[in-house]
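For reference, the structures are reproduced in the following blocks.
Both complexes below contain chain A, partnered by chain B and then by chain C.
Entry: the complex of A and B
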């Protein structure tokens, strides 16, 4: 550090990205226009993803790009369409109070930095203890080149099971509160839902239109969507070898369907993937994942002990186990993303171009 | 024959050996199944069945740790620092049994309320979410791994936000209550995970026993101290530690009746448990910054909560909000016990946690039944309940007396041990706070009892004054669930050996050697 002769370009890149994150963060706090806020969130996530790449955390970067910059931007826009485009300005007192809390939190973190190990220190606890052991043991114990996948899907598979349940819970929340839009909400499907929201909302504008002059978009989408789905499958099954896995693949798959619905309309999408199927899928993934845990117990092992899946070859058992649970992750994540999208999309009318 | 028996025994033994994983996995998987079931009543029956099985497994765990033993279970058969381990001892076995028992009782109690308060099309998903919440809470209680605690804290929290929001059909304010809870709860979870991240930075491991071992060997470190602060504040938000309790009153008031019962008796308890686990097992109670925090932050805040929130409870007109403020005050009692830093104090706090779960569950159940039968939500509407719903009123009264801490109720026992523990430390001013808070409890519980027994029921305009008041019947299962808790609140006065023994064992483990 300091005035070292060796000049590390990555330090410069990190510093630039971090200052950009800071600027975007401050802009986010100061803006009242929700559309701009949502867009800046996307920018923030993308910057974070780039930063993670520079930190060699490619899997995390991939997830951040797919979830943070990709699908949550779409979902946030969907949510914004249901409410308002402008946030009410915060009262001054509350603003200062929040600043105080943030300031104290920041000071606590700053206070901690003095005793933190140096950046990239090979002898830091995080790099030398359990982390190092994963690096040594993965190839003999799990037999998967991507250590991140080994940790996520085998060593700490139970955490991942919990995360998939978290995703399911979020999906259930949206389905319970907004409905999944099995029929158009306009027909008064669920009486208690949404009359107030739509009244208080400004005239909604959406990009859902099926006019003929979208023909260019339609042709392009028809070419793109199969490729996106194919890519999702690649990410899914290549997760053992490179960055990727069920979470990212599920999100990519869901975004292909969302793209389809933006261009061909919600009705077409519901015909292709009915809401009932989506609802079933949210639970199915958890059932696959948890079911495998029960199977391993039935076969004489512990919960999610893949070694017992194949009697002769524990490494093969690990491969089979990881493959199965990643499918579970894919199914639940993709279905929940779609259920949230269906929930939002079911709440507003499809507008024609002239309504813009 | 012997051979067959041997296999069954072996199979049964294997199943029992996996009880720690099953007690969490079964409600979670069953929650997903409930979503698929689609049919409302079927999903309820399924949930009751699952709650029963879960309760059975939790009793097996409880039985095997009664004598102070500990069970360790390695998920996926990965050894400790590499994989996730579950750790069961007297402390969390008590809690796991409490959560599963309350889940069962809330479900038995809740069907008539759910039928009235929630759209039939949503029943299956509602019960599915409820089972996920149960699994999440047990998962937090059983985990021996700091990050796993976070994951299951999220499962239980997110499902709780959803369940609270389901009160929207009754009163749309449930949505804002849930949203406030979501924002504060998420801040709490974020603080907690920042703390866990800092601990990982300082120790290189996520296993709680391993972190504890490494921290014991290391001298003071700023990263550890910051981690401590983040974890205490994060969990303090979840425990409704004063002044971080602002989410609680509305969340309890506007949630569906069944959910109010379940949350009041479990959610803050589990957060309280995990706070204890971190304060005493992961960090070391002897550390100077921790003792300072106990004396200068935790104890004063606990006493402020006991008094201020009891005053606030006295001024509430909504019965459930009254009970909610009283809950924050009761959390103060538990935190006061914890902040003593002694085995006696800790045991008293844990005992009070257990007793409070019984009485608050019973109170919320009784109020829910009054709401179901007569549409009662406010304190002054309780008038004449002793005549119109005598059994419900009796249950409400007994549980209310336990809340005050009247002799012959369980509430007396835990307050008694708390006072003794406080005097042992020579904190006479804390005794004053306990007395003041109890007097305030007499006032706010007294308001309900006075309305129920000393006032006449409202007479319908068509009826004569002299007509005997019409008695309103309550669903049998709901009444049975209510009376299990009411009888429990009395039973554990005469025979507190089970919770007291577990609390003492747990406190001994925690103070003795970290207990991990």
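Entry: the complex of A and C
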């Protein structure tokens, strides 16, 4: 007799989270209200983040929670502001067509999973060859306890450089389409044209003084925003030792600024962080990252080979190199997120309650 | 002289379990309330229970369970953070609904949604 307790509780947790993901996914497809869809995307990302934690991929979970649930929800809301609140109902024929395409793709993916190695299989390609070598050599070659950071910022720094350039490109695309500092009224006229609502609108401070129903939010935000920025810096500089790094820190920093802007208004935010600074930062981060690569070449090493940065101690060189490129990642990611937000939200001079 | 420490240790786990169980119960009450209560303001009242009381109880239970460790310190920070943010979020949602003109349901008739009223005006 006796209960068999040899089954893995994590499998049960995984199954529960996966079924919740499925339910949220179906709800996402069936909803027409875009506001609810955006919120459910956030829920989906948070669930995925929990699942990643249960799979021991803490760095990925962190990124998913910060990017997927945090900032992309706000950016989607900003995008939704420029379009409509409701999605148009899809014609029946297209629905069935999409279902067919999704079904076939899903079947193919399911078929492909039969060839995949088991989770945690020691002989899988990801855990042997170069992956295994990274695990062995990180402590002696890079000296950073968090292997993810070592691989991302040192062994595969060139790939990460590519990612940062991709982020920059995305930001440039949004800037080119939407602009970064353009302020327009709802009708699409520029404020210089003497539009009455824009001209007669009192300055933000007087609005706040007369009918301030955001006061609770403002007080709490004033307490929280410094803590969020501090946490972003902790994530940035603790990335060598725990989960975190420039990508997550940049997103958290940007979300602190966005929180400020949501509560205190776009004009105040522009005064704190001008659009020019944001624009400059998007390129500056990539410049820091790539510039360090050129510096290592100039000092006699390869591109992004940090060993040569300090003559005596290669490990110290690795630490310095990782620190510098993480700062580059932070600057670019935070600036690009802010530029996208400025592009979306900055198109209206002031958001009033009835605009939602 | 009886050594009291082992008993305290047992009591710690019992308390932790009680707090975790209480938190779970309040979570369920909140979830049922979210689904069953008649209108927005009543539902947000139910959501407030899950947000603050249940979460804080769960975190307190976890803190008792992990004892004097770094985990407890981190959990305390999470608890403080949630204790600040959750009521604020609830307040913001309720305030936004009030500003948008959503009337609470009194009696058996559902008041019209402000969105529909706006459509009617146009």
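Everything below uses one rule, namely that the second predicted complex is superposed on the first by the 313 of 356 C-alpha atoms of A that agree within 3 Å, B and C clash if a C-alpha of one lies under 4 Å from a C-alpha of the other, contacts with A are read in each partner's own complex, and residues count from 1 in each chain.
Simple rule for what comes next: contacts are C-beta pairs under 8 Å (C-beta built on N, C-alpha and C of every residue); 3 or more make two chains touch, one makes a residue touch a chain.
The model shown is predicted, which means the values in this text are computed figures rather than measured ones.
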Inset, instruction - Quick one: classify A:140 as touching chain B (first), chain C (second), both or neither. - result: neither
Inset, instruction - Would you sort A:216 into first (chain B), second (chain C), both or neither based on which partner it touches? - result: second
Inset, instruction - Considering only touches as defined above, state whether A:131 meets chain B (first), chain C (second), both or neither. - result: first
Inset, instruction - Go through the superposed model and pick first if A:224 touches only chain B, second if only chain C, both, or neither. - result: second
Legend entry - First (chain B), second (chain C), both or neither touched by A:156: first
Inset, instruction - Identify the partner contact of A:287: answer first if only chain B is touched, second if only chain C is, both if each is, neither if none is. - result: first
Inset, instruction - Check the residue A:118 against both partner chains and state whether it touches chain B (first), chain C (second), both, or neither. - result: neither
Inset, instruction - Please work out whether A:302 is in contact with chain B alone, chain C alone, both, or neither, and reply first, second, both or neither. - result: first
Inset, instruction - Check whether chain B or chain C contacts more residues of chain A in the superposed model. - result: B
Legend entry - Contact residues common to both interfaces of chain A (with chain B and with chain C): none
Inset, instruction - Would you pull the chain B residues touching chain A in the complex into a rising list? - result: 14-15, 18, 21-22, 25, 28-29, 31-33, 35-36, 73-78, 81-84, 119, 121-122, 125-126, 128-129, 132, 135-136, 139, 147-148, 151-152, 154-155, 158-159, 161-162, 165-166, 168-169, 172, 175, 194, 198, 200-206, 214, 221-223, 225-227, 229-230
Inset, instruction - Enumerate the contact residues on chain A facing chain B in the complex. - result: 108-109, 111-112, 114-117, 124-131, 133-134, 137, 154-159, 161-163, 165-166, 168-170, 172-173, 175-177, 190, 192, 196, 279-280, 282-284, 286-287, 290-291, 293-294, 297, 300-307
Legend entry - In the complex, chain A residues that touch chain C: 213, 216-217, 220, 223-224, 227, 353-354, 356
Legend entry - Interface residues, chain C side, partner chain A - complex: 81, 84-85, 88, 91-92, 95-96, 99-100
